[in-house]
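Common to both upcoming complexes is subunit A, partnered first by subunit B, then by subunit C.
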Partner chain A sequence: MIRPLLACTLSLALASTAASQQDVTAFTNATVLPGGAPAMREATMIVAGGKVVALGSADAVEIPVGAVVVDCAGKTITPGLIDASFMTSVTADDANEQSDEVTPHLRILDSLDPEDPMMRRARRGGVTTVHVMPGTQNVIGGLGCVVKTHGSDPDQMVVKQDATMRIVMGSEPSNRNRAIRGGRIESMYYRRPTTRMGVVWAVRRAFFDAQEAMQKTQGAPDQGPPSPGIEVLTQVLQGKMTAVTTARSEQDLRTALRIADEFGYQTVIDEAQDAYMVADELAERKATVMLGAPSATDVGGGGGRDGAAPRSGTVRALADKGVKFVITTGTNTRRLPLVREAMFAARNGLGPQQALDAITIEPAKLLGVDDRIGSLAKGKDADFVIWSNDPLDPAAVAESVHIDGKPVSQLR
Partner chain B sequence: MNLSLLRIAIAAAAVAVPATSQDLVAVKAKTIHTITGPSVTDGVILLQNGRIKEIGKQGEVEIPWAAKVIDASDKVVMPTWVLAHSNGGMRGSNESMQNVPWLTVADAIDPGSTFFEGMRRNGVGTIHVMPGNATLLGGTGMVLRPAGRTVEDMTMAANTGMKLSLQASGGSRLQKIREMRRAIAEIREYLADYNRQKEEFDKEKAAGAVGDDKKWEKEIDRKKQAAVDLIEKKLGGWLYVPSFAELSEAMRMGQELDLNFVLGSNLDEAMPMLQRLKKPVVLAEGLEYFETDPETREEEQFCTAKMLMDAGVPFALSLGSGGPTSNPWWQLGTCVRNGVSRKQALEALTIVPAKMIGLDEQVGSLSEGKLGNLQILTGDPLAATTWVHMVVLEGEIVYERSKDPRLQYLFEAAEEMSESGAPAKEEAPKKEEGK
Partner chain C sequence: MHSIPHRLLGGLLLGALVAPTCAQDLLVRASRIVIAPGTTLTDSALLVRDGKVAYVGDEIPTEARAGARTVDYGEATVSPGFVLAATTLQSDSDLAEGAFAFTPDLRVAEAFDPWSERLEHLAPSCVTSFGMTPSPRNVAGGIGVLAKPGKERGRVLEADAFVGFSLTSAARSQEREPTSLMGARAMLSDAFETARVGVEVGPDLAVLQQVMSGARRAMVYADSYAEINAALALGQRFNFAPVLIGARDAHKVMARLAERGAGVVLPTLTATARLAELELPSKLAEAGIAFCFAGRPDQLRTSAALAVRHGLPREAAMAALTRTPATLLGQQAAVGALRQGCSADFVVVQGDLLDLGARHVATWVDGARACGADPEAPNPEERR
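Let's look at the complex of A and B:
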């Protein structure tokens, strides 16, 4: 399943190495916030062949002869931002398969438009990689993928194809499901479940089936491959595939953890507006949280969905408790551009480096792609943003955004 | 107390809260942004009876022994923000009838509303409250300070203008324009009819057909008075123009009436027209918008503030009722990142709106004689990490961050709950009583 893709990535890498002799660029005099490490002042970064080949202080890094020098005095360079829960403009109709409520093997990648306008908008705001998941109306929606925000062909944009499997708690997978009066019970429009209980049962049944299939194949290895859905669920149970559970309110967060405990898999919690209420439980399980649009808290207490009560103090509370989290834009209609979400986190008490790490290196680690992206260091992909000033300043703009060393968005 | 001081005190008391026991307040600050003058480092502002008496360097301004000292030596002090147009603080800002010029926002203001609390939290000191955008002629507005127990306590100016709106609600844009024309034509007809009757009466009286003891007694219908004032330009109008599509009609209306424009978005083609206005405009809270080229699908982002700056049209900013645009620093930051100068951005929430509402002698900058309306900030007014530490209106502290129950709820409660792991059971604290 992964092999053709790997080949594709390899050939790309080869192609860019071949070109590397010509396109060496040195970015000098910049403040570099490398991701996961403290700021570097007046630093020099050398980019060649789509990779960072050197990064350090001006005296430590030699600028190769013939390199194009870009003076970045006064500017700040960060890694390209990574949005670990990004909604494209793929419509709900096209992101939620209606033929079944449990579709673990479907790939959102197949719905992805490389020219997606939301992706272009994100790119302009400095986001170079996004993690896209199927919609939230299925109980188990399918496979999420990690893609770069630029390219003409989804396959070329892929950083990781089957990165995660999405499970959804709460009312969303059930709230539109109604038995149609007079309709046939086997009609595809007659979707189950219709309650929170039903949603949880659908998850349970899916994992029961996977467990059963695992036991069967253990007894009789030559029985033939199980169904593709079972295969994905099995990978989750074996810890080979990251489960992402979307849960907003405290109730749903607790349920998400309970089911994961029950079947013994580790889950990332997505959205997680009420995470501050279950911080201890999250810390105990070393569960990572993908906070969806943490800026969306009104002082009056609004901004929550599905019964959640978001608080401005969440980022601080999680940080103090040692809960790992990343900041995402998520599904909230009030989401801001990713960098502004981090800015609000900084306003609400998160340190500036922590805030920036939560949209660069931390999501890269969470998605298992930190060997390539999320930080700036020798050998990493040259995905970076040149900001007019400190990116956490509300007046900051992404002056140019680079993916694999190439400028993909430039301010006019 | 000499006579002139007494006069100041009376004047202040007339406009503002009666001076409290502490009629002298000295605010020490790291930086004072006066807006219209140079900034002062390590400065002090002396307030007397709710007005600014003196601004200067620490050590140069004598702080009277009786003065209450607010020590913000490590903080930034600047005038409170001024909003030239807002729909907040009312219980229902839009009448369901379309044409209601006789209404006034005074009857809808809820002094205990969380809106005013939010305004204090954000350092806003002067708000021009107007009916919403859903009506044609929506009624008259008033200027309020966000502190006080009653509407009367809060009032800085009443009957400040008529709200008009070209926002299509339900029907089409053209229908709305036609309804607006008809509404104004009806008032004109009414006024013409009234004047004709009066003229006839005068003629008859002159001719002796009416007894000398008879006087013209018919008054203008009270329901129509405000609209008549608008037609006669005795009352200004505040016209909401949702987009470029309504602008030509708005310009036509502007030739006949004394109008201030409140602008929505999609204005990239509107600049030549707006330049002809020769008047400042108010921008709605959404300052950025996208337009997609139908041919290339290429998306372009526009910023109304930047376009107006380039066109040389002065502007005032608005704040949203929730979300990021409810933060003044966000609005200013949005302006600056789109290329508006920092100075012009700051002015757009201070002196420009103050001029638009005719209160630039009172508010909008820090200078001697103006109202003692100031906010103390933890840092630069354009930084995301800056919080409003304290708000002083007319010499009186009306907001302190350390005593803000709702902020505490959002921050500390989250920390506490994560401490105990207990679910949230208690409700949000009840609305703070309007101070």
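Let's look at the complex of A and C:
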């Protein structure tokens, strides 16, 4: 009886905040898990103009006159969750430009639909920002972008347009390609790579070409701009663009690190189901891991052929070795909603704050957007979730989700 | 030496491009003559000379009236013939150069068959002119034409009407570049960028330069949100207002369509379509976005009638069959209305065109009857 009543009061209050962004709203008596800091009990958060303007204990924060007050007693407020490796409904055909294996300059942003049902589903689960990358069927697929999960125009949803460049190890990029045997010589799929070795060859050649282009430009700066693909690869080599290497099995993880060493760039490792086997190497290189769906006991989908063997203890192993990691839903078809993945990690030996940080502030830092999102503090975007109770409780639900101060999803 | 080939060429061109001319003026009478949506004359007449509307209503000089052959349609309504803004006449295989997706300098005029049987279905469906686009299978398909059906054969009215692009899934083949939407968008933006900075460019990029300078219109097949978004973004970056063909998700981007001055060519509406599709025409009209009906020629009246049933004003529906498609093709001075100087393309209907029970009596193209009845014809068979 009490719950529907509360939800009703809450939604009434929130509807009024939506009327004008300049309206000031005070969320009181909440347990706030601000991201990257310990929990605050009975805290008050003031939101105005799409930003958090104050957060602290009830004594420390004064509620402005005229503010709409939302009583969040018994509720928990967290920053909006960030999924650092998110699959949209864009089909595999549209997420991979198959005319070439190396397409570093293509933007997945060009394929996004703001009303994507996957985005809507993520939003309902408390995810307010996602990092979307091109598909995994190219050796170098292109540029990933960081977008909020609500808006009418991808350009306005963008938090960071060209955030990362995706490299893919393993068998996926070579799947379609064929030698003459069994294929047609006139087909564009008659090309390298058809093996893991060939995939590495393609990465190596791309970076080699970029290095050559850099050297040439240094000698003769008037040669005009390089091709857009080379330009992106050059930014990776210069450390101006984050490289994300998707690698699942142990051998692919080692290859990913080796290639990065060879060309002197730092790479984030995505998916990384076998990371527990190479935790020392990852720690030594200070590589960050975007762990894909840690709850899954095997790898479904196209990556399943690579023979990775996920373990529930991976999160704990990485934490113990001091490897930086974030939790994502990734490409695994066996994934759970993001908050449940963090719950699973917490259940497997990760501290609750660490588990929650791995889906809020840590991905924000990794993607270079922690100045705006990932934590709740004065001046940050008002992207937050009001949970029915502790979000790591399996019974917890996101009662209302806010992006830039506006309620974008509410439990009915 | 040179005069003979020139004369030959002239003769060929005349044969190919000039309408069958009527030596005698034609006076068309009817109880209602719709000059353009919103302008209707009662118990009036049109004077047609050389395939064009020469005078309307009271402007017709008495001597011209006296010397003209008169066709009296009595109680029927004469209105402008429909302009079908985009069609491939189901001859896609002849309109897509399969090996490459980027062929902006190919000319649809060269694939136009004036004797095609597919033209025969147009006049009975009230279509008196149509934009023939390259196939949506190519990202930059080529230069489209404005063409017309006729009693026996069709003809090209404007061989250089617009450039056809496509960002739909049809343009993405898993057998050649591009295979993805981001690849298609990159292909076009790279080409436009090269055309923009290039001084001496090939004929293909020259076509894109003309799009950027406003000398050519861009018609873009785009259905989903991401495809429409790509078309609008390209238009914004390279300074052109695209006319979108299909635009299934147009309702998601109304404000931007209006802001960018983009037009929309809608597909066939059916009674079983989703409500969002059926209401799209009235929403486009409310937002001030130029749109027209296209798709299957024989369903144009049905599409317009369904849109009227879902809130579109009748006048706007008539405009979306005649004047607006002509404007979207840049041919409003030639077709889409029965004003002085326009082609004498009209349809005769017993009743209201948007009433699906109203009987179609005849369709005239360039002042010549393409199908239906001529009450004054010397041969009694043709009078019905």
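Some notes on this structure:
Going forward, the second predicted complex is superposed on the first by the 371 of 412 C-alpha atoms of A that agree within 3 Å, B and C clash if a C-alpha of one lies under 4 Å from a C-alpha of the other, contacts with A are read in each partner's own complex, and residues count from 1 in each chain.
One rule holds in what follows: contacts are C-beta pairs under 8 Å (C-beta built on N, C-alpha and C of every residue); 3 or more make two chains touch, one makes a residue touch a chain.
Source: prediction; values computed, not measured.
Once subunit A is used to superpose the two complexes, subunit B occupies space next to subunit C without a clash. In the overlay built on the shared chain, the residue A:Ala377 is in contact with neither subunit B nor subunit C. Residue contacts after overlaying the shared chain place A:Ala54 against neither subunit B nor subunit C. In the superposition on chain A, contact of A:Leu237 is made with neither subunit B nor subunit C. In the superposition on chain A, A:Ile63 makes contact with neither subunit B nor subunit C.
After overlaying the two complexes on the shared chain, residue contacts for A:Thr314 are found with subunit B alone; subunit C is out of touch. Annotation for subunit A, partner touching more residues between subunit B and subunit C: B.
Legend: residue contacts after superposition of the two complexes on their common chain; A:Gln98 is shown touching subunit C, with no touch to subunit B. By the touch criterion stated above, A:Glu115 is placed in contact with subunit B and with subunit C alike.
Put simply, subunit B and subunit C get as close as 6 Å, counting only Cα atoms, in the superposed view. Residues 115 of subunit A contact both subunit B in one complex and subunit C in the other.
Within the complex, the subunit C residues that touch subunit A are 172, 174-183, 185-186, 190, 224-226, 229-230, 233, 249, 252-253, 256. Across the complex, subunit A meets subunit C through its residues 90, 93-100, 103, 105-108, 110-115, 134, 142, 152-155, 187-188, 228. Chain contact summary for the complex, subunit B toward subunit A: residues 114, 118, 121, 290, 292, 297, 299, 301, 322-324, 329-330, 332-334, 336-337, 382-385, 406-407, 409-415, 417-418, 421-424, 428.
Against subunit B, in their complex, subunit A makes its touches with residues 115, 117, 120-121, 124, 250, 276-281, 295-303, 309, 311-314, 316-318, 320-321, 334, 336, 340, 343-344, 346-349, 388, 392-397.
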